[in-house]
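As structure tokens, the structure follows; a few thoughts come after it.
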Amino acid sequence: MSDLLEKLSICIERGKVNEQSPFPPDLKGELGADELTKQALDEGIAPEAILNESLMIGMRKVGDKFEEGKAFIPDMLIAAKAMNAAMAHLKPFFESGEVELKGDFIIGTVAGDLHDIGKNIVRMVLTGGGWNVIDLGTDVKADKFVETLQQYPNAHVGMSALLTTTMMQMETTTKAIKEVSPNTKVYVGGAPLSQDFSDKIGADGYFPDPNKFIKHLAAVA
Amino acid sequence: MSDLLEKLSICIERGKVNEQSPFPPDLKGELGADELTKQALDEGIAPEAILNESLMIGMRKVGDKFEEGKAFIPDMLIAAKAMNAAMAHLKPFFESGEVELKGDFIIGTVAGDLHDIGKNIVRMVLTGGGWNVIDLGTDVKADKFVETLQQYPNAHVGMSALLTTTMMQMETTTKAIKEVSPNTKVYVGGAPLSQDFSDKIGADGYFPDPNKFIKHLAAVA
Amino acid sequence: MKNYSKLTIANHEELVMGISPHPVRCGNDLTIGDGKVYPEINFTLPTMLITKETFGEVRKHYTEMMSNILERSKHLNVPGLVVEFEQLPPMTETPEWGAEITELIKTKLNKFYDETNIPNALRVTVLDLRDADHPPLLRSGEPTEKTLKGFELCAQAGADILSIESVGGKEVHDQALMYGDLYGMVASLGILAHRDMSWLWNQITEIANKYDIISGGDSACGFSNTAMQLAGQGMLPSVLAALDRAASAPRSLAAFEQGAVGPSKDCAYEGPIIKAITGYPISMEGKSACCAHFSPLGNIAAATADLWSNESVQNVRLLSGNAPEAFMELLTYDCRLYNTALDEGNALMMRNMLVKSDIPHSVEALMLEPKVVIEIAQSIVKNKGGYNQTKASVQTAFTAIENALQQNVLSISNIEREWMDKLKKAIDAMADSEEEALDYLKTMYGDVFKPEAYGL
Amino acid sequence: MKNYSKLTIANHEELVMGISPHPVRCGNDLTIGDGKVYPEINFTLPTMLITKETFGEVRKHYTEMMSNILERSKHLNVPGLVVEFEQLPPMTETPEWGAEITELIKTKLNKFYDETNIPNALRVTVLDLRDADHPPLLRSGEPTEKTLKGFELCAQAGADILSIESVGGKEVHDQALMYGDLYGMVASLGILAHRDMSWLWNQITEIANKYDIISGGDSACGFSNTAMQLAGQGMLPSVLAALDRAASAPRSLAAFEQGAVGPSKDCAYEGPIIKAITGYPISMEGKSACCAHFSPLGNIAAATADLWSNESVQNVRLLSGNAPEAFMELLTYDCRLYNTALDEGNALMMRNMLVKSDIPHSVEALMLEPKVVIEIAQSIVKNKGGYNQTKASVQTAFTAIENALQQNVLSISNIEREWMDKLKKAIDAMADSEEEALDYLKTMYGDVFKPEAYGL
């Protein structure tokens, strides 16, 4: 790939947002994801190429490091920040439909449950993986999921629950969703869950690990 | 009640089988359940009265002591032995139908499971409580229960299981039984079980404690 | 308001399990910190919904769990016990429900005491509903009223000890933690959380006094245990989680400045620091909370504990019986061992073995090492104000880690070492004044918190 | 055949955890009894049937349990571990199934060793099918062939240590136990069980030698642990269960006379006596087997253990993760503490505290008290033949209990005291000659056992 795209993907991987951003120290003063993406578009590089041959590659690199235990969440988060700066420039092309994201993904923590750290990590990984994530936050009731699904009819749904006393909300919600749109894929996660539980409530899968999850999505896509 | 019946019930409670039996030491040489029952019948006391006003009372006394932690299984077993010696004399009257026992109870440990200590205790308590217990032993397959039920159509059924990998046999067996005779009551027990499990497999009750169980049977009878 | 300017326990050799300078007497004749370690058993519902319809089931579960636990306690003649009833969201949402279960449990404990004379007490941990709104209002609004009502009703219903895992400042700390922003973590704990704790615990103590029961203590669970969990899953550096532990002590100390007298919450691993400063008894959890979460502090957590807890276990069936009964047995045997050590005058040796057994394996465990605990505690009492105290304890903790690494008491991975450098820089960059630090929070996290919520 | 006429460990102070005169080297570089206590983790299936149809599920469960356990072991850097695969009936019924799971586990252990260098070994406990028939034939018939085939196939499939909880003599012991007939218990253990053990273990050792693996040891679980369970439920006197414990030692020793070298089975609480006599390492279970059964031996069981086990736990979900992983963590922390004591030269003190903590609460615990253990062991090696040894060990145990009661080391209820008198009479009434004792069994229990089954 071009030097420019190469450079850009490094900015993503290292989390260099823009010229001003002090982090990472060794890139101080240099151009960041923001400027480089703009530059790439000006040079007429296809948005598609920028996304797939640069941004995504940068994100995948942190993701892999994370999996190997060579990086932590903060590293992924600042990478995601740089990614967002770059995406701002590509947004118009998505809206025009010229470039396509992996798809829509609706995520939230179920009713009565405020645990969202896990859910947030999943959101981050999905965004980094090129998904358009709609995060409904915590304490999300069944009808809220269904409602949102009307706006994003092709979206997958992901639910998180950490309490034994909110897990059953997942059953209610899954039923409600499958009723209005039987083909929507519903995924569940959270420490107290299990594949068994996922099967029992009629969900389409349980994943303890977001990275394995995103690989699964790629596979079934 | 008459001195004789009084004496007899003491023989049961203390486990004095017959004149020869050396146990309990302080009753050495005295008449036991065997002789006294015969004597009672000769004196023309109604078998019904002997059973209910003497034998059962003796058994209940040990049972109560056992519950209060003032007696152990061995005490109940020797009482049961004395009881059997007495029952031998009453047998003809049961057969003729002149005297009625509480009812028939089929018990066994489910297929694949050889744990029978718990089951044996339940049998003992039921026998002592005036039930006609048919013990199918251990490793009892579903059809064996069903088969036996043909001979004792009004019997209750009790199953025991101690292994997580044989518990599910109870479901199969309960289904098989309820199929041929929906009104038969099926009870389950064994350390790894729970009321929850009993409900799930469609049994009529789980009892960790045989004495509570027999009270329950009396109540529903 | 109490003000701690020196340590109650300044000699690390006097910081041992089962003994606290100011024991707490509560419930049915139980005195905590009087020379014995008592089990604190904690339990929760299996997978189920809590609704009007299922509430009968809920009652049945708590009844069964209590009978099993008390049966086992009697069987093993435990010298005394604390039962913790940690509320689940709907139980504070509808405070009457929480109160009903409180009464159910208390009644059983009283009956148990009459029958066995075994001392016991009931801790009720109300759920902090106040982070339902984003950003949370904390000092006003329905969630706040319900949370406080929860305390009032449970106190009436028979609670002996009041506790909560309060969430003030967490909305900011969650963010800072995820970005590994130590400055943000320190400032959110030292300024925001500290202010909210003072506000909240002043009222909890009032309620406790009104009903003549115990104002127990709080836990930075949502802060430092979240960090510990994430570090345990390889998502955050352990060194960051370790420093966050030290950073949480001044925040939890605020409850005691407002009249709390312990026992502090089981999941508050900042407990030993609190004990050194205040001399009040603490509850801790470690290996025998393996049912609730994995931990790098399995043994060392017991080193200075006055209560020994399993944190939480669902009412599920195991081969032996139900899980709460099984863990009651486990805690009882652990306490038997610690109490034998105490009786034989070997408590200090037992403590040191518990400590030594974990230190080489975890930098987070180092934060519970008695000498380190005393150092951190000293740096807290030497300073004034939540922010300065928090900053100081983090600096002390950092130095302790550096020394331990130099002396090869423990070792860490290379990325962790890289993080040590980052964190050093972050500490050096922290403002001296609380005002400046607050400005930092406003610029970095202004969108997620409301200054008014903290009376700012 | 080995013949033990004196103790390998005669000084009770040398009978301590982690150290055995004859360590056992096995599996991937693991040496048991070399100065460390290692966890022995044991796990089983949740509620499910084992059939051809469900066997895929079965495989998945064992795969998951192993990954979780090894993940946790690595995370806590455990110094070494033993995994026990205790077969369930269908796995020996169809020995190929047992062998397949054995291979599955062994493969994971080998891979784990390559990655982490953490020493480990696999114990396979074959199910004794031989009591399917009533009365059991033991030496012939399909169940016997299958049981032996189970050993052969598992040895091929990668087992490092062979064990079984054999049932010879149990058909009589079960009856005697229920009637509280101590004479019958002693005779069934000393004559029948002892003969069957010799017959069976001679062959197990042969198989072990053929595949160059370890002939581990047996357990009187079906005898004395049944008694302990029943005593725990108030169904039998504890004093009877205590004497039954002592009575089981010569029976389990027979395996070692036939070439077993340990580690003995975790549920064999007669282990300490075996260790004193043979000097081979033992596995024990106590408080951290609370998932498997309640126990009066929670701490004292660890006093002389070389492996520390959880006995068994189903693969069910807890709040922290799956139960087998949670109990792996628990065992690891227990072992860390014991190993710290060993490293610091405090093992004896730790042992004594573990002992002291339980003795006052249980007469059954007294049977594991090191001095008592040595006395019982002495009375065994001083006598010849299963029956005489068993009778002698019961006499010694009885005296030990009497002394403990006199010295108020422990106390028992009044009915238990009444039973002490009954048992004294029973002991005095026991015949001197094995022949007479056998006649007693024939007259009392002739209907439930076949002399031929014991080569009589």
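In order of appearance the chains are A, B, C and D, and numbering begins at 1 in each one.
By our rule, a residue touches a chain if its C-beta (ideal position, glycine included) is under 8 Å from a C-beta of that chain, and two chains touch if they have at least 3 such contacts.
Here the structure is a predicted model, which means the values were calculated and not measured.
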Chain located farthest away, centre of chain D as origin (C-alpha): A
Whole-Å gap between the CA centroids of chain C and chain D: 40
Between chain B and chain C, centroid-to-centroid distance (C-alpha), Å: 53
Approximate Å spacing (C-alpha centroids) for the pair chain A, chain B: 65
Multi-partner residues of chain D (at least 2 other chains): 44, 314, 319-321
Shared-contact residues (touching 2 or more other chains) in chain B: 164, 192, 197
Touch-based graph of the chains, sorted into line, ring, star, complete or other: other
Chain-to-chain touches, reported pairwise for every pair that qualifies: A-C, A-D, B-C, B-D, C-D
Touching residues (chain side chain C, partner chain A) in the complex: 44-50, 88-90, 131-132, 134, 174, 178-181, 226, 230, 234-237, 314, 415, 419
Chain C-facing residues of chain B, complex: 164, 191-194, 196-197
Residues on chain A engaged by chain C in the complex (per definition of touch): 69-74, 77-78, 112-114, 117, 120-121, 137, 139, 163-169, 192, 197
Footprint of chain A on chain D - complex, ascending: 317, 319-321
Residue ranges of chain C in contact with chain D within the complex: 44, 72, 75-77, 232, 286-295, 298-299, 312-314, 316, 318-321, 323, 325-327, 329-330, 332-334, 336-337, 339-341, 344, 346, 349-350, 353-354, 356-358, 361
